[in-house]
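When the chains are written out, they are named A, B and C in that same order, and each has its own residue count from 1.
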Amino acid sequence: MPAGAAIKVSGVNVFYDDFHALWDIFLEVGRGEIVSIIGSNGSGKSTLLNTLAGQLTPRTGSISYFGESIGGLPPHETVARGMALVPEGRRVFPRLTVFENLFMGSYTSKARKNRERSLENIHELFPRLAERQNQMADTLSGGEQQMLAIGRALMSEPKVLLCDEISLGLAPIVIKSIYQKIRQINALGLAIILVEQDITRSLKVADRAYVMLEGKIALEGKPCDLTEERVKEAYFGI
Amino acid sequence: MTNRFTKIKWTILAAVTVGLGTVPVWGSEYALLFFMLFCIYLALAQMWNLLAGYSGLISLGQQSFVGLGGYTVAVMSSYYGINIWIGVGLGGLTSVFLALFMSLFIFRMKGVYFAIGTWIFAEALLVWFSNWAYVKYGSGLFIKPTNDLSMEAIYYAAFVVGAGSIALVYILLRSRLGLGLMAMRDDDQVSETLGVDVFRSKLYCFLISAFVTGITAGIFYVFQIFIQPYKAFAIDWTVKLVFMVIIGGIGTIEGPILGALIYVVLSQYLAEYFSVSMLILGAIAIVVILVAPKGIMGTLQEKLGFEILSPRRN
Amino acid sequence: MEGLAQDILNGLLLGGLYAIVAIGLSTIFGIVRLVNLAHGDLMILASYLSFFLISALNVSPLLTLVAIMPVMFAIGYILQRFLLNRVLGEEMEPPLLVAFGVSIILQNLMLMTFTPDARSLMSDLSLMTFSLGGNLSVPVLYLINFCIALAVIAGQHYFLQNTYMGRGIRAASDDKYAAQLMGVNTKNTYAVAMGIAIMTAGVAGVLVGMTFTFYPHSGPQYLIIAFGVVVIGGLGSMKGTFVGGLILALAQILGARVFGPGYQLLCGYVVLLIVLAIRPQGLLGRG
């Protein structure tokens, strides 16, 4: 792993009011790495991503991003620093067109300058989006909306891409195509965190993986080191 | 332990009620006026609270029933020489009919639209009455009781309405209707699946509140002797009700009682400065909503579990 | 049928004024889901501010817009950022009641400061008309109102459709969470939206002050007009706001023609209530 991690999470605890959602999380993402986070519903995966993105503030612990401490920064500041989240359920803006959704992706002042070029790159990566530029986002299919959500996140010129369950509700052939794009995006130098319920696919593409259970890290390692046994144990908490 | 507390609670309540009911006996003229206004505002506030605090209906138009109830008494007594108390009762009836008519329109509306719908009706009534020859346009009408009416009699009427409104709300909330209301308050859609007829429950509450408001207003105007559209149908009534219930504690039975008391006390001090008083009411209400949205009694209930009149069955 | 054509012409032009009265309320309701019950009073506040400037500086009312617009924007921004943002939540009651409180406070402040006398923003334009041939004459003031209204509404539409901030406002209204992920500071965005809304209300206030007399308590009647326009025309549609304005104004003027001038307001209310009962999403609104 190259020196200086992209993201380093140390001893983070997150609460929803009184509910202890994340317990003492230690996690690292190296520059240009693909890291998978696997776990069942309620294991805290989305909470973790939301915390990284700044929607939640850790009660204790620290989050460092390329050496800078970002715990507690609001979302508009983390995205300005280059951390983009593709949210669970895609959440494209239904009453804006495809073009306007992408346009919104370059909202930060840094990203605005290169908007035209970024748009071209996205259109190359996802030709479908170029075709459907002027359609309302809510008329797109599930797979197209997912591409739009990813493209929109990429418009902010991130160095780290957080993906929350991008395969949810999509046909296998669409998922395959999307994961190909993930590889392409990673090849450009972005670190990627993939949160998934689908174990197989995300382990195939990851450099390292974490398994979460009930808000804690239950297992971590390189996919080649993680046997199906151990993963199942950690996933289901047996 | 709880038994003894309950006994003490009810004893105090009984004492207070008796005390309130006998003001004409022991109180000065000033006390009589003070507590009469208290009873009247109490009844009006209880009804607004029944709607906003328990039925999820924010009414910005209770003044429709205030004006209509008042004008019914005025017309009945001035033009037809009908006994004043029958007139008051008729005021309640006309208010119910108005509420029924209104419901045809506004019960199709949700939330904010409903609130503004009630306000629009009130404004429409204001314009109508101001232009109606039958009620002498904007110059107003006198209320002329056929027999001499003592201040005591008016007071007892106000007391009946005031105490009655509390009893009414209490009994209502402990009934099946009330149980449905409390379920609705927590979750509209879930309670519907459980068989609570949301629409009917809300409608009943709306009609009941109209009735009581109409009667209370009738008594108020018997006291005032004179009624005019721009005052009777003014939004000021709603301002006062909102103030009373928000500060006292929305969604509690005790809240409107406390709120009415605070209001009558304040208004005695601010009697000379009408605009300032409205301004202060508005400002206090805003601060309360920001800081303690459940009002005094509501916050007490939440923090200390302190309830005097609990609608909960145990 | 005498004067019917004139009434219709007046109604159409008045409709433009009603549209700009309503646009602020519509914007805020569509974006922040807040019904600003103080909308009418904020309009009248602008009328009074303009009145004050005219008395002090002896300028034409339209010129005061230069100062009024930024001031009203600031008022709207501050109101949203520091007061209303705090009560925005799941429940609909607190923002409604807070706005109600603000309305009452404003009305009484204006009453205390400016006295209950009737006021008007006088200018040479008030009485000018020009003839369209036949028996039709166009009151210049009404025409100016219509044109300014059109310009303001078109300007706002352009802003919301084409700028970063405008799209940010629309995005935040669609999905606050996702907008935040884009870097939109939603607290700021909502305040900007309110600033724009109150700014347009300010313009409406000046135009209204030039056209009709106003009192400290005139606010609510314009709130109801604004609400009527939004209900009739439908939410979230610039076209709808304009159409709604036209219909309401026509209903009032034709109603006054048939029933008498005292019933002008009443006819508007009745039309509004009927539309609310039959088609609450408005004639042009989305279902």
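Everything that follows uses one rule, which is that a contact is a pair of C-beta atoms (placed from the backbone, for glycine too) under 8 Å apart; a residue touches a chain by one contact, two chains touch by 3 or more.
As the structure is a prediction and not an experimental result, all values here were calculated from the model.
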Return the chains shared as contacts by chain B and chain C, ordered by label.
none
Relative to chain C, largest Cα-centroid distance belongs to chain A
Grab the C-alpha centre of each chain and report whichever is closest to the global C-alpha centre.
C
Mind checking the centre-to-centre distance between chain B and chain C? Centres are C-alpha means, answer in whole Å.
33
Give, as an integer number of Å, the spacing between the C-alpha centres of chain C and chain A.
44
Counting only Cα atoms for the centres, state how far chain A is from chain B in Å.
55
Provide the list of chain A residues touching at least two other chains, using ranges where the numbers run on.
none
Which part of chain C faces chain A closely enough to touch in the complex?
164, 167-168, 170-171, 174-175, 177-185
Under the definition above, what is the set of chain C residues touching chain B in their complex?
35, 83, 86-87, 92-94, 96-98, 100-105, 107-109, 111-112, 220-221, 224, 227, 231, 260, 262-263, 265-266, 269-270, 272-274, 276-277, 280
Contact set on chain A toward chain C in their complex:
53, 55, 74-76, 79-80, 84-85, 87, 91-96, 100, 103-105, 107-108, 111-112, 152-153, 156
For chain B, which residues are in contact with chain C within the complex?
52, 58, 60, 104-106, 108-109, 111-113, 115-117, 119-121, 123-124, 127-128, 130-131, 235, 239, 242, 246, 275-276, 278-279, 281-283, 285-286, 289-290, 293
